[in-house]
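First chain A sits with chain B, and in the next complex the same chain sits with chain C.
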Partner chain A sequence: MRFRDSKLNSFLKNSSKNGVFVIFMVIVVVLAILTEGKSIKPSNIVNIMMQTTTIGLLAIGMTMVIIDRGIDLSVGGVAALSSAIGAICMTRLGLPWFLCVLIMLVVGILVGLLNGFSISILKMPAFITTMATLKISQGLAHYLLGGTTIFGLPEVHAVFGQGDFLGIPVSVWILAFFTVLGFILLKYSRFGRELYAMGGNPKAAWIAGINVNKNRILIYVISGFMASVAALIITSRIMCAQVTIGDGSELDAIASAVIGGVSMAGGEGGVLGAVAGTFIIVMINNGLNLLAVSPYIQTAIKGTVIFVAIASDVLRRRKELRLKQ
Partner chain B sequence: MKKKFSILLVVILMLSFVSCATESTAEEAPAAEVPAAETAVEVPEEAAPAEVATDVDNPLAGKAVDEDGNPYLLGYVLNETSSGWNTAGLGYIQSLWERAGGEFVSFVSDYDLNLEISMMDDLKQLNPDAILVHPSDSAAIAPAVQTAMDEGYPVFAMDMAVTGADVNSYIHIDQVMLGEACGQYIADNFSADNPAVILEIAGGLQQSGAQQRMEGFHNIIEPLDYAEIVQTVDTGWSSDVAFDGIQDAFERNDNINVLYSHSDFMMQGILEGLRVKGKLAPAGEEGHIVLCSIDGDPTGLQGMRDGYIDAIAEHSPVLHAAITVNVILAELYGQPYEADYTLPVTLITPENVESMDRWANLPAGEYDTWPVLAQDVFPIPSR
Partner chain C sequence: MEAMTQKIVELRGISKKFGGIFALDRVNFDLYNEIHSIVGHNGAGKSTLVRILMGAIRPDEGEIFLNGKAVTFDSPREAQQNRIAMVWQELSNFPNLSVTENLLMQRFVHKSNGIIDWKASQDLCTQYLLRLNLDISPKSLMGKLSLAQQQLVEFAKALSYDPAVLILDEPTSALSLKEQEILYEKIATIKAQGVAVVFISHKLDEIMHLSDRVTVLRDGQKIFTKNGSELDKDGLVEAIVGKPSEKKKAQRVVSVKQKSTDSSEPVIQIRNLSMERHLEDVTFDLKRGELLGITGVSGSGITDVGRILFGIELEYTGEVLLEGRLYDCTSPQQAVNHGLGYVPKDRKEEGIIPGMSVGDNLILSTLRQIYDHGFVNNKTRKTVIDRTMDIIDLKPRDPEITISSLSGGNQQKVVMARWISEGTRVLILDEPTRGVDVGAIEKIYALIREMTCMGVSVLVISSEFEEIHHAADRLLVFNKGKIVGEIDPAASAWEEAFALAIK
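Let's look at the complex of A and B:
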């Protein structure tokens, strides 16, 4: 049986690009078998989609940052700070809900702006800068919440995390919207082309007249903004604000992007892969829960699967590179 | 020019964050003084017993000063201030100590073991009269505690033990008993005709507190032939993870009719998770899922008032704080006290949820208005 000109053949030929989708399919099939079909029940698929939204949103922003050879460790802190300020506005200050939502988004933009300026204009290293803003935002969230849980958010706020439209959760629509937007931005806009050029060879990009600083600031603003959108969904799901919101999510977002084919060396990858990477992480979590695997071993299993997924992808790319040479 | 402008912008952004934070907190909780970050240190400029006028209002007045009228300094090293429990405990101890005329300083490690050990050294530089610890890890803190004790500092542990060093006194509740209280509630309310299918929402299972709450619950449930724990979800004390765990667990087993949560801290995620799954019904309505939890924080009490939570094993920071302060005073007066105080477990139910004995019914953050708790485990010592 030959697939020389078939779509399947073309898909396999481009396995380096599509590797994440192959891994995705393998995990879907394996989990479907192990859970006796529970993992592919429509209700569980909706459940997985819902769980993908917050990390998926962070991964979209993170993808752009990593394509530019950067890193944004502050996203978890931004989510916590945005949640805390939003919840305080909604409950203690009694501001109109819509205004509070806007304020939450502005918080993310401001932290992103701080990151972007520090990294592009002041030439501060991204790793340390975003680690510092992670601490600043987490610390402020901690201070504002004072160790308490703020609950009693207005019911309308549940729309993002608990509402649905045409049978699909609103949060999934939000993720889909930003995924498409991110895809178009990277694939078809001037900003996207410039971003890949910056990631591929920053010096050449600068010589070619690309406004590297402006683009870099924009990237971190987008990342901060996505973190505050994620905060919107998290607070809407659990209808409260806690300092633990977003804790460690930056690492999940980075893992999602890398699993999805975004190269840490920059200049490579896209949001579709990153979102698929998020699905992989969430499916592993979900599968382990459906299988009632002991919580003591779950983290190690998750880590192993992520390790194997990335290693197999890297090895396949290396093999392809050798074949090309 | 560009560079100067950007530095200016960065500074403005930072200042706006700080001023925003200061304004809203100041408005809402004027009495609460919670350390902002892991290395926060607070040394009050002056002790503040002045707000309490008489000995009747303030039975602690003048208790934390020596014969010459110098205030005793109490140093407190604790693992986190993310939870309502720890925040309330810290705020109340500080308030009691200051009402007694003493000075107070606190260090928060945010579960950084290295930092916590360094904090013990930092604290000794202030030459405190007593040291109180609520460690991240019982064993890891032990060498630092032992060193401090060898140097002559009295050291007390609250809520979490120090294993490997004999602290002066350990004031705590038995975490295993908290789990057992919930287990017993389930044992008493289910039977062979009405078996319990249980989902356990665990805290951070890498921590001994969560492990002990698990152990206690399992001790009671596992021998029963009419109750089964079908799944345990490790949330790492996160509401968001609890929300997801609820979704996954009900996908696997739709017959779950009991939830056991290691803490009210995850309660909001649990309740919203049940709501999204169409499983949230108050007690007395069809489809109600029996819910037992631990701590008794404001989220938990509200959940009980709404009819969603049936029982809570109370873990009171107020009781811990009141006894701890009295025991430390006894040490400073050279009076005898026990090496271990294990506090009783109270089960909160709808019948007693409104009692002012519930720590979460006290006005949040306003520690100076909280009464000096009268308890008979270890009353305020006389000099």
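Let's look at the complex of A and C:
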């Protein structure tokens, strides 16, 4: 009897959890039909996968932040700042390329440290803190670029965004690598398990002896780091640095995570879902492009997608709450 | 009696059962223009009685008369409309808003154009405050006031509804002696203004000092109602706890036999621990492998001892030594590193991680041992979960179900079992049997005893006098933040501990 009950429960839970996923998959199929199969041609799929990489990387970091009931709005700014600094080091300063790549990654880590320190130690609210660091990094990027675009990155830099390995773009390999790493970190590391506990009940996690502050700093450092990895790929793809890099990408990353089953209430979800969520968003975008839908309407549609995803998350949790009672 | 001629409230033959047990058994209670105290130990039925009067609980049997007319209240709101007001034990104000806003919430004075008239609202607030001769600015923030002042504002608020009956549930539990004095004075003022006051308290001194009449409840039955002038303290204590029974002593002998290692080596030494309003000069030792109980009524400071030891509460003076060395702990994480474990009183808020599985909840505090090099060794994880589930005998024995689906008792076992590990030397449990079913209580204490046999020193904080007296090797009684006695449970009855706690 208990067996049947638990089966029923898990079915109810899963179907409602995956409900939004299913809806979006249906949209993808509909788009494929509407574009007469253009959207699922191999060349287009590769295109989609490449577009998935940058947002997907951000979504991995964002997933960890949201599991801890936080938010990181600074990722777009971090990507812009990291690109600007990297490009200046490569061109005007003429530093060795490898060193420049390192510097770009360090930029992300430093902004992440600032976020993490402010949010965990100083107890500043994540939303406003990361909004401020978004503006700080965007402003600095603007200043450094002086309103122009920096071209002339060394040839070797093209490897991240344009290179292939075994017929698959290097950027897709990078996303795959970090997805697997993120998955292992969340599922099989002590840090990951503590993270879910912190998201599920922060006070109980603290009382259980978990080093909440250290973990929280690490989360934002990871998120900043992922943003600078995304910056590497973008600059490599367009072989230049411009200030619009990363514009609005924080919302795409949040949307990806939520569509992929990461709950805004914390303690739930994982990177596999988040990356799948990114894929869906990109698919929808791409389909609309192929259908020549106005970019203004596309923005509205993207907003609707985020709205629906968050609404379904809230409704699902309400339903679960009722199931428990 | 002649002075208070008119009977304002009468409860006749009130009975209420919870889960087959009488919380109240045909209790009669009446109220004139007087201060009428209700006393009794935990579970005697005090709260149930006033909740019934407030319309928060429906009685199974019995009638309520208000000014001679039979009434039924379906909600506290209805009781309020009939001029019965209550100041609840827990403050429930808005610390971020002004006194005026707190007092007049939903009743602001408005101008004709619909905008709040702050000047008039503040004047009205001042009027209400003056009824109690309170010198508090209506503009000051509630959160900036002292606890006593906040409590008094709550009084003023209750009185602003012009009640005929005012119920005060343990209003002094958080106050200092001086603040209590102020409060008593105000209560007398309220009575002089024609309000009938029902006063609930654990503190016998203040009850003797304040009451016109006292009603004693024990195990859901009324023992007596007497005039304040007829009472003496010993008689009151005896009425509250009943005659110490011989049977209980006999029971004790059985569990004394299970007593674990008899050692006098102190693991934790607490020296002159003080905390403003909560603890005063507390000194005691926790010895290796013993089950030490500390007990007292709510507000006696017992909870704070645990929270200080575990690094949750940091505002204290005094010294704690762990195995002879100064122990200066500023976070739970440090406490865990020192080999301490803690099971909080509030299981839902501070104990369980609701969305996580039973298995994950079990290993929450032992993660560092299971995840060597930061990554999981699935075999170790499974072994630890299996072993722990065997020890606590959890049913259903499924580590993958969410912890929320377990009963309170089983959840408690899981939170306790977190600390079953080689690293744990001292375990602190705050009200370990709160909100668990009767059957689980014994199992929880069996588990505690098992841990002491493994050499863990256990400090159990409990306001369930009979239960902790039954279980502990040694029992310290707290009263108003001070240790007022040490009791050897083998040679005494639990009623002695209770008498010390309320004297």
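Criterion: the second predicted complex is superposed on the first by the 282 of 325 C-alpha atoms of A that agree within 3 Å, B and C clash if a C-alpha of one lies under 4 Å from a C-alpha of the other, contacts with A are read in each partner's own complex, and residues count from 1 in each chain.
Note that a residue touches a chain if its C-beta (ideal position, glycine included) is under 8 Å from a C-beta of that chain, and two chains touch if they have at least 3 such contacts.
Keep in mind that what you see is a predicted model, and the values were worked out from it rather than measured.
Asker: Would you check which partner chain A:204 touches, where first means chain B only, second means chain C only, and both and neither mean what they say?
Answerer: second
Asker: A:194 in the overlay: touching chain B, chain C, both, or neither? Say first, second, both or neither.
Answerer: Touch status of A:194: second partner only.
Asker: So in the superposed three-chain picture, is A:267 touching just chain B, just chain C, both, or none of them (first/second/both/neither)?
Answerer: second
Asker: Just to be sure I read the superposition right, which of the two partners does A:314 touch: chain B = first, chain C = second, or both, or neither?
Answerer: In the superposition, A:314 contacts neither chain B nor chain C.
Asker: Looking at chain A, does chain C or chain B touch more of its residues?
Answerer: B
Asker: By the touch definition at the top of the document, which applies to A:113: first (chain B), second (chain C), both, or neither?
Answerer: first
Asker: Can you check the complex and tell me which residues of chain A touch chain B?
Answerer: 35, 38, 41, 43-44, 47, 50-51, 54, 85, 88, 92-93, 110, 113-114, 117-118, 121-122, 135-136, 139-140, 142-144, 146-149, 151, 158, 161-162, 234, 237-240, 242-245, 247, 285-286, 289-292, 294-296, 298
Asker: For a test of understanding, state which residues of chain C touch chain A in their complex under the given definition.
Answerer: 310, 312, 331-333, 335-337, 342, 344, 349-356, 360, 363-365, 367-368, 370-371, 374-376, 378, 396, 401, 404-405, 418
Asker: Flag every residue of chain B that touches chain A in the complex, lowest number first.
Answerer: It comes out as residues 2-3, 6-7, 9-10, 13-14, 16-18, 20-21, 24-25, 27-29, 32, 34, 36-37, 81-84, 86-88, 202, 205, 230-234, 236-240, 243-245, 247-249, 251-252, 265, 268-269, 272, 275-276, 297-299, 302, 364-365.
Asker: In their shared complex, at which residues does chain A touch chain C?
Answerer: Where chain A meets chain C, its residues are 2, 6, 184, 188-191, 193-194, 196-197, 200-201, 203-211, 267-268, 324.
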